[in-house]
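Shared chain: chain A. Partners: chain B in the first complex, chain C in the second.
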Partner chain A sequence: MKLTITRNGSQMTGSLCGKLDTVNAEQFSRDMQPLMDAADGDIVLDCTALDYISSSGLRLFLTLRKQVAAKGGKLTIRNLNEGIREVFAITGFFNLFTIE
Partner chain B sequence: MKHFTYQGKAKLILPAERAALEGLRDWVEEIADSLATPLRAKHQILIAVDEIFTNIASYSYAGKPGFAGVSVDFDEEARELILTFEDEGVAYNPLEAREPDIEAALEDREIGGLGILMVRQLMDSVEYKREENRNILILKKRTV
Partner chain C sequence: MKKLFQKWLFVFVSSAFFITFIISWLLHSHLARQSAEELLRANLVEVASRVRGTSRNLDTVIEISNHTALAKARAFARIVAENPGILEDKPKLHRLIKELDVDELHASDATGILTTSLAYNPDGKSLNDYNGFDMASTDQSAAFLEAITNPDFALVQEPQPNGILGRLFQYAGVARIDQPGIIQIGYHPARIEEAMKVADVNAIAATTRIGHHGTLTITPNDGSCPAEGKVFTSEINGAEGLSVAIPCEQYILTATLPQEELYLSRNAVIRILIIGNLVLFAVIFLLVSRLLQNVVITGIYSVNDKLGKIADGNLNEKVEINTTTEFVDLSYGINTTVNALKHAIENEAKRIDAELEMGRTIQTSVLPTDFPDTAKYSIAAMMNPAREVGGDFYDFFTLEDGRQVAIIADVSGKGITAALFMMNAKALIKEMVLAGSSLRKAVTLANEKLSANNQANMFLTAFFAVLAPATGTLTCVNAGHNPPLLKRADGSCEFIKVQPGIVLGITDMATYTEQTLTLHPGDYFCLYTDGVTEAMNSRDEQYSDPRLLETLRKICGSPAELLQAIRADVAAFVGEAPQSDDITMLILHYKP
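After this line comes the complex of A and B, so read on.
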């Protein structure tokens, strides 16, 4: 699991690569701290290279989503593969996130 | 590439600890690859392994050391992968767990229960048995 954070003007993009499961969740939780710190701004999670996500990963997406809501920022999730879309549908995550 | 003909049952005995999950995940992934499992089905299987083993590691032995057995069987005719998880921890049937409210608003959303919900939806069947002092959970998933 790799998270690459890039800044483009006022927008921060986190690009995820690999498996976001319980094995990697703790590391990802630390790696996404800059996004948590920027939760009052415009954040994009680019999931083009994300293979799959388990509930440990969903928990962290939800943590970031709640932080953004609390700080008045904006969070957009982009490029989910079919498998992750299915997981979002099962768990009702489509209702919680802006998905592009 | 012709897939490797997987025969018989493979079983691992692991400490019921989160640290054992990575090795288990990689082992199941190798078996799934050897069966030429399509990527999406493989990912669904790996999610299920993560959720079930993490549950066992977190709750089954209530913080005390214990073991979990995981076996993988393949029904060639049905092209079905059969994963069996066993532990000797407290009796727990995840199929009886309260389902989370997936319609709840953001501020009320909790993550608990989503894992087992995903397992139920992503696998073709999930069966629980309590035999003597063991929890036995059998997951089946067609690899097509």
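After this line comes the complex of A and C, so read on.
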């Protein structure tokens, strides 16, 4: 799992690469701290290279969503692959996130 | 560190070199000056004594010579008095001039006119005739006129250059005894000339050596002797020098040594010193560097190397450097620390293991094990927890109206938190389902309660199924869980198309929908968690939905047998890879 954070003006983009499973969820939660800190702004999670997400990963997405909602920012998830779309569909996450 | 040390070593060594150089320079300059002064003074003393000696010698020679001259003049006067005829007797006069060893014999009358004169020219052969010469006609000869009137008169004149050649010549005269007149002899004062040559200060100056290139100058003492006996710098022929001057008799003696020669020995010493010091300091620098390298740097690198290995997690690494006591102490200190750390980690690991064991106990102890097996249906379930406690659970119980409830759930996250959340959720769900008028309402209510005050953002996916044993009607509610499998009595298998539903615990606004399907006798209804389909092998491949479907299609038997077969296939697929998630399954068999 690798998270690359880039800043483009007021928008922060976190690009995920690899598998976000239970084993590396803890590391990811530390890596995404800059995004948590910028939760009052415009945040994009680019999942083009995200191969897999476990329930622990989903939980971290939820944590970020909750923080953004609390601080008045905006969270957008982009480029989910088919498998993860399915996960999002089953778990009802489609209704919770802005997905492009 | 080595570079730093070498830098400072270099600074110190070069400072020492520089200071040594300065001190030597000053010391040797001083010594050179001092020895030059001594040399100059010694030379001056010697020259002064020579000047005095020759000067005295000259005086003595002049005195003796003058006495002799007077004696000869008196002898000539006595001979003339006793034998006046000799003045006319040329041969006798010639003999007499030879016997008296003089060059000229003169005798005048009472008027001062020379009546007899015999004078050899400087060649000693030809004669010069002064007969009739008036002694009063020149200042030099007039000095003898007093002899005519004073019988006691005697005069020896200073030697004077005579004639064209400037030959030194001297006259001596006395009064005539036989009659008033002058008796005079003239001669060349060879001894005096010789003594004067010896006493010539210019000759002394030319023959005196001061060191190699030093000079001695002798100048008339005009009362302005510069810094008598003191050293002063001077300039001779454009070269700077060191001089000492002293007055001596009527002269000033000045001895001068050129700077170049003065500092010749100092420069030689300094050159040798520089070369010697450079070699010495280079050796010291190299030796100390080398020593530092061997004793300290190598040790430190070795310690760093070991510490790097220890930091990489190899706590069995030992530091053993025995070069110096300090390193032995350091090694001992590091080893002790690492050992203590190792023990602490082991203890912590034991504590964590104990905690994990407790979590696992919590998780497994709440799972029902009295699997129902009635005439219409039977249920089997299993849960294999991963090493780290997860939050999967299954549950089954019967409602008051005899319907059978089966639930499977997967709590997000790991650890004690997940286990406690799971316990709470399981109890809450059971309570709601038992009390609720409908399954949909029970799930909605359970979600509301779980969502309230959920600080940890925990959530769970769950699938609820309620079987009416008499009709085979299965009422289902899905809360974000994996779609169940249905294995029909004819052997066909399929994933049930479930209604999507939001996972439990995130939002209290979620609503759920019920769906019903009908089980026919001999059908198997199979619930599982993603621990099954997403079980990973060492090549990072997932067990996957299709494989689960295929496995289920191939096997038959009691629910317990199906569970075992699927579990065995998953285990075979995963191989050596560690189990990362709980593996939980529940199979309901609607008996034929």
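By definition in this document, the second predicted complex is superposed on the first by the 100 of 100 C-alpha atoms of A that agree within 3 Å, B and C clash if a C-alpha of one lies under 4 Å from a C-alpha of the other, contacts with A are read in each partner's own complex, and residues count from 1 in each chain.
Keep this in mind: a contact is a pair of C-beta atoms (placed from the backbone, for glycine too) under 8 Å apart; a residue touches a chain by one contact, two chains touch by 3 or more.
These figures come from a predicted structure and were not determined experimentally.
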Which superposed partner A:Asn95 touches (first chain B, second chain C, both, neither): both
Partner chain in contact with A:Arg59 - chain B first, chain C second, else both or neither: both
Contacts of A:Asp21 with chain B and chain C, given as first, second, both or neither: both
Which of chain B and chain C A:Ala69 touches, first, second, both or neither: first
Which of chain B and chain C A:Glu82 touches, first, second, both or neither: first
On chain A, positions contacted by chain B and by chain C: 19, 21-23, 52, 54-56, 58-59, 62, 66, 90-92, 95-96
Residues of chain A that touch chain B when the two form their complex: 19, 21-23, 51-56, 58-59, 62, 65-66, 69, 82-83, 86-87, 90-92, 95-96
Of all residues in chain C, those that touch chain A in their complex: 388, 390, 410-414, 457-459, 461, 478-483, 498, 500-503, 506-507, 510, 530, 534, 540, 542, 580-581
Chain A - residues contacting chain C, complex: 19, 21-23, 25, 52, 54-56, 58-59, 62-63, 66, 89-96
Touch list for chain B against partner chain A, complex: 18, 21-22, 25, 39-40, 43-44, 46-47, 50-51, 54, 102-104, 106-107, 109, 111, 114-115, 117-118, 121-122
